[in-house]
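What follows is a set of structures for review.
Shared chain: subunit A. Partners: subunit B in the first complex, subunit C in the second.
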Partner chain A sequence: MTDDDHTGEDARTDPSRTEQAPPDREVPPGERTDGDQAERTDGGVTEEGAVVSETGRPSLKRIAERAAAVDLRPLDVVVYAIYGLAMVFFAFPVLWVVSASLRPEGELFSYPFRLIPREVSLSAYEQVFEAGMLTWLFNSTLVSVLGVAGILAVSVPAAYAFSRFEFRGRRGLLGLVLLFQMISPVIIIVPLYSVMTSLGLIRTRIGLILLYIGIQTPFSIWLLKGYFDTIPRELDYAARIDGCNRLQTLRHVLLRPIAPGLAVVAIFNTVLTWSEFVLAYTVISTESELYTISIGVYNFQNQFGNDWRAIAAASVVGMLPLVVVFIALQRYFVKGLVEGSLKGQ
Partner chain B sequence: MTANRSVDGDETNRTASDSHLELRGLRKEYADGVTAVEECSLSLSRGELLVLVGPSGCGKSTTLRCIAGLEEPSAGEILIEGESVTGRRPEDRDIAMVFQNYALYPHKTARANIGFGLRMTTDLSGDEVDRQVEEAADTLGITDLLDKKPGSLSGGQQQRVALGRAIVRDPAVFLLDEPLSNLDATLRSQMRTEIQRLQRDLDVTTVYVTHDQTEAMTIGDRIAVLRDGTLQQVGTPMDCYREPTNRFVASFIGEPSMNQLDCRVDPGGNEFTGPVTFPADDALMAAADATEGREVTLGVRPEVPALLEPDEETDAPAFPGRVSVVEPVGERSFVYVDLDGGPQLIVAVPGEPAVRERSAVSVEIPQSGVHLFDGATGDALRHPDWQETDPTVPSDTADRSD
Partner chain C sequence: MATAGPDDFVGETVDRARGWVRRLVDHPLPWLLPTLIGLAVFQLYPMVEAVLMSFSDESLIRPETEFVGLDQYTRLLTDPEFYEMLRITGIYAFSSVVLHVLSGLVLALAIDYGVRRKLRAHLTTRVAVLLAWIVPGIIIGLIWKVMLVETEFGAVNYFLGQVGIGPIPFRSDPELALVSTIIAGTWRGTAFSMIMIYGGLQRVPQRLYEAARVDGAGRWARFRHVTLPQLKPVLFVTTVLVTIYALNTFDLIFALTGGGPGRATQVLALFMYQEAFTDYALGRGAAIAVVMLCINLLLTGVYLYAFDIGDEI
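Up next, the complex of A and B:
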């Protein structure tokens, strides 16, 4: 973004470029529309796009001219083209899901495919909320919030200890923690199931939460230990001389400098616990009152076929809270990074 | 028994009044078997500034951390005002510490940084804490910085805030761990003076750790030279300079380093043979007799030799050589001379030297200016008599030891 702004400014201040710019604007209106449409073709295949692709060559030339006008070097153009392609690649499925969720019944597979539906309908949303979407949202929220809180509650003190305390077997224990992380939960799903059954944790939310805490803590410890390691030990020393015990040192002095780390752990684990399916399905099983979002979505598939509109609508509703959490924490993440800078390191 | 007890009591009293901070046989060994500090015993009187100096890894910072209570010594005792504080928590030792990287809490303002210790350890009201913080800030001239965070302060300002955090608690002992090494040269000498002034004004017993011998010489009432965790010498800076106890102290203290020539004592000929043949006088020969082996090291401070014309007549021993490098540093110059026998000598001459690089010279080394060390153990055998060469020295020494 900043690059764009910058180059734009250059173009404005450079007199030779301002001389060049007017002819650009004096181009006959018809040709200019072509150019605009050509840009749109990059965004998706539309009917208009099909028409413009015939005049694709002159419009490409126009793009190059514009690039020159804002002082883009050929390499930049290539790089931005790759960015654009990547954006399309990642955004398309999301757009497709949103588009699919907004169609009336029966319009999904009509030919030719249209990204923007001819007719907007919220019937799919009505359907998923009738099917219990609010319950799923509640369950997912509960599991994620408590799960992430639990993960942080365990991994922050553990990472602090691994980073700061000198105790026998520290390295070995750290290796062991990493080893646990390497075992995929799916591999141990059968013994997990039997252990959880005998503990009475199957078909309970708390069982699922404990499982998430157990599985995600090792990784979080490693990640946070890295953050703790970057903070000079002198900060601990200063805190101890100022009268803090170990826990107060962590609470008053170290927690703020590692805030970016906490944000990363929180974001990562929220995304994971929110959308996790295999373990949730194993633990919750057929208890529909306890369904999380992912199980709810899954249940729109059945032996008679997949209700794609409902799956899409449920996915969109399930996606929104994550987007909100991410944006909220991302701002804090950047703030923490700036504040955490220590001079003299 | 009664008599014994009273004697004990007297001794305790004396110790308490004489030394404000005392280390007795301090030893620190880490879990991996590395001994960082070995049998370190030191005693500081009230208001004294002692500099712990030595190359990196010599255990000086570990010693400081043991005094602070940040590390537990493996053996030995630490006494403050005659009371053992070994095993006490840092905040119960009445000490304050300043760190090399200042270790300011990055998310707190300067005010909160300075006041944090008071808030954690005392039940003073918020207003009282603020008042004391303002007072400390006033002493250091940082009142206008109090609401800034460390990230927006310059190195020197951060250093002052760190000092403020230390003085606000009015500690019995001040511990400074390389407080100046993160500052640029100009600021460093400025802060050095400031720390000296602050320490005098507050009259607080201070242990100052540095690896910079110039800093140690200029700032310390006394300096303690450490090497590989072992205390080498404790004394006033000039004592350590004039009468280093061994070869290590001799080469570490003084800039540039003392010239050292490894020689053998020639049994019959009254001379030391080695890269050069140095004729010994009676005093040197008598001192050399004290060694068990025949190996000795001659030590010559760069200020001692004089540069002569190649064939100039002189009473003192003189050695031909060729000038290798001339380093002018302003008020004096260092001349590196390659002697014909092989070794290189550094000679400090006032002002700009008359010699040029690659010119032939003769280096005169008067016997009266030569230190003699045992070649095997490195212990000092003889020091030049300083009272003869510099009559102002004794009074200076007397001032310092007061």
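Up next, the complex of A and C:
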């Protein structure tokens, strides 16, 4: 419902005045919609030709009419300006890095400035892949896929339990889960080394995967519980009458309606595990065979200092998989964020 | 009858097993057990360990460790550098919150308006903003490193040079370095505020706008007296979450400036990391971790209060 689409709304609020704007409401000329224009301004008198011939040049009224014809209001212009600024600020750095990564050696620093390189070269990418990018990509993919699978396997039953069971300590436990969701994992990096060592998980991918599962489940539980809560319990009862136990009910009846929630949790955690740096850096440490993208790229830039092309190429490869996944699925992503973070408002 | 015996036995066993599974499946514990183990091992235990470590002089280069009581804390609280870190963290967090929430609000309103008016490009804008948010933190640091190269060949310095400014030492000047981290942080963080506030806007009942319009309220009046008051809870929650997030920032600054020049951009998380892993003083690092934990807990309390979570659970 547009908040200025008053033709329809006025009709509802005041039926006697259909199609006419209330007289007490100021309507700036530019803010009128097509329909209003036709109804009000001309009254059969002001035809286009008349306006021009009277004054000999396009009058203000004429301009306003034309603006109304493409339906552009002053505020639209402001909003378009905001869009433009936002696109420059948010998209330009990414485009610039892509552009820098594609240049032959030396061209980055040549005048005049150009976003599209004169000559495309993949030499920076060769450099990145020689440094071990394939290993990092493999490790990050492995950690993300297994991590997300683990997170789902752990958080779906927990979310089901919080949504469907009544038990003592439920509120307290749920509060605890929320608390862990809020506390930043950065805080545990100091003890992490000794904790992971004593569990025999230091410098292992499985250790990192288990750590991600432990860290990310609280958020996933909260989000999934929200989805479970929206499913009527009658569905459960019906399944139980048909002889399903709870596990079968979850598998055959509830999993389908919460599928969007599962998708959101999966997308979210893919992004988080793929991007995570500080925990991976602490757990994987200097084991270069086990580097994830973030660690690999970070060490790469330490090594190549001021080779901006190479750093740009490493950045592009590191974010490309996420960008592709994200652009394909951003609708669900936004939906999940809005629903997940604002539950209980 | 002779053959019925074993069949009965098998049937009974199957029944018993089925009943046993049923009872197990009807109890919440098996459902929650993996979560509880995960939380205990990877969240609770490390936190307890951090607290214990903060009372010791544990170090990565000495094998033996002694209990030193509150020494790490007194040392921290009398260390002028600690207050410098607090100041830097405070400036970073405060500016981040103001910039994230303000730009998030403006973008959310602009996109909401665009959707309602069916303007072009609102989806592209949203995707552009969100794209910045999913880029891994380390890579954001590097992207801005490339953007802010300090000669006139850096993209930003080039454009500034065109209007007669610069070149500006974005990363080697202590104060500008902090500004650079804040800008890079805003580049990443605006999306979150935007989505939160956009979600809030969808929840404002349309009849409030209709009523305001009937009362003759103009656009500004409607924003001031309908939109803002309705958004207040969302704005508050967003502010708290962004604050927590900003206070714990690590990766982006680690890659962009590494805490430098000197210690000009060394926020608490980096300070902790440096003490623990560069100076090998785990005990001191742990004490900083406990300070961060307290700040996190305090802000979470505020968040819970805002959410009035008691009723929700």
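Quick note on the criterion: the second predicted complex is superposed on the first by the 248 of 345 C-alpha atoms of A that agree within 3 Å, B and C clash if a C-alpha of one lies under 4 Å from a C-alpha of the other, contacts with A are read in each partner's own complex, and residues count from 1 in each chain.
Assume contacts are C-beta pairs under 8 Å (C-beta built on N, C-alpha and C of every residue); 3 or more make two chains touch, one makes a residue touch a chain.
Predicted, not measured: the structure shown is a model, and the values here were computed from it.
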Touched partner set for A:P232, first subunit B, second subunit C, both or neither: first
Partner chain in contact with A:I188 - subunit B first, subunit C second, else both or neither: second
Superposed model, subunit A: greater residue contact from subunit B or subunit C: C
Which superposed partner A:D242 touches (first subunit B, second subunit C, both, neither): first
Contacts of A:V253 with subunit B and subunit C, given as first, second, both or neither: first
Which superposed partner A:S163 touches (first subunit B, second subunit C, both, neither): neither
Partner chain in contact with A:S144 - subunit B first, subunit C second, else both or neither: neither
Shared subunit A contacts, counted only where both subunit B and subunit C touch the same residue: 339, 341-345
Footprint of subunit B on subunit A - complex, ascending: 166, 168, 232, 234-235, 237-244, 248, 252-253, 256-257, 339-345
Touching residues (chain side subunit C, partner subunit A) in the complex: 21-22, 25-26, 28, 30-32, 34-35, 38-39, 41-47, 49-50, 53, 106-107, 110, 113-114, 116-117, 119, 121-122, 124-132, 134-139, 142-147, 149, 151, 153, 155, 158-159, 187, 190, 192, 195-196, 198-200, 202-203, 206, 209-210, 213-214, 216, 218-219, 222, 233-234, 237, 241, 244-245, 247-248, 250-251, 254-255, 269, 272-273, 276-277, 282, 285-286, 289, 292-293, 296-297, 299-300, 303-304, 307-309, 311-313
Subunit B to subunit A touching residues, read off their complex: 31, 65, 68-70, 89-91, 95-97, 99-107, 116-117, 120-121, 149-151, 153, 155, 158, 165, 182
Complex contact set, residues of subunit A against subunit C: 1-6, 9, 13, 24-26, 73, 75-76, 79-80, 82-83, 86-87, 89-94, 96-97, 100, 108-109, 113, 153-155, 157-158, 160-161, 165, 167, 170-171, 173-180, 182-184, 186-192, 194-195, 199, 210-211, 213-215, 217-218, 221, 245-247, 271, 274-278, 282, 293-294, 297-298, 301, 308, 311-312, 314-315, 318-319, 322-323, 326-327, 330, 333-334, 337-339, 341-345
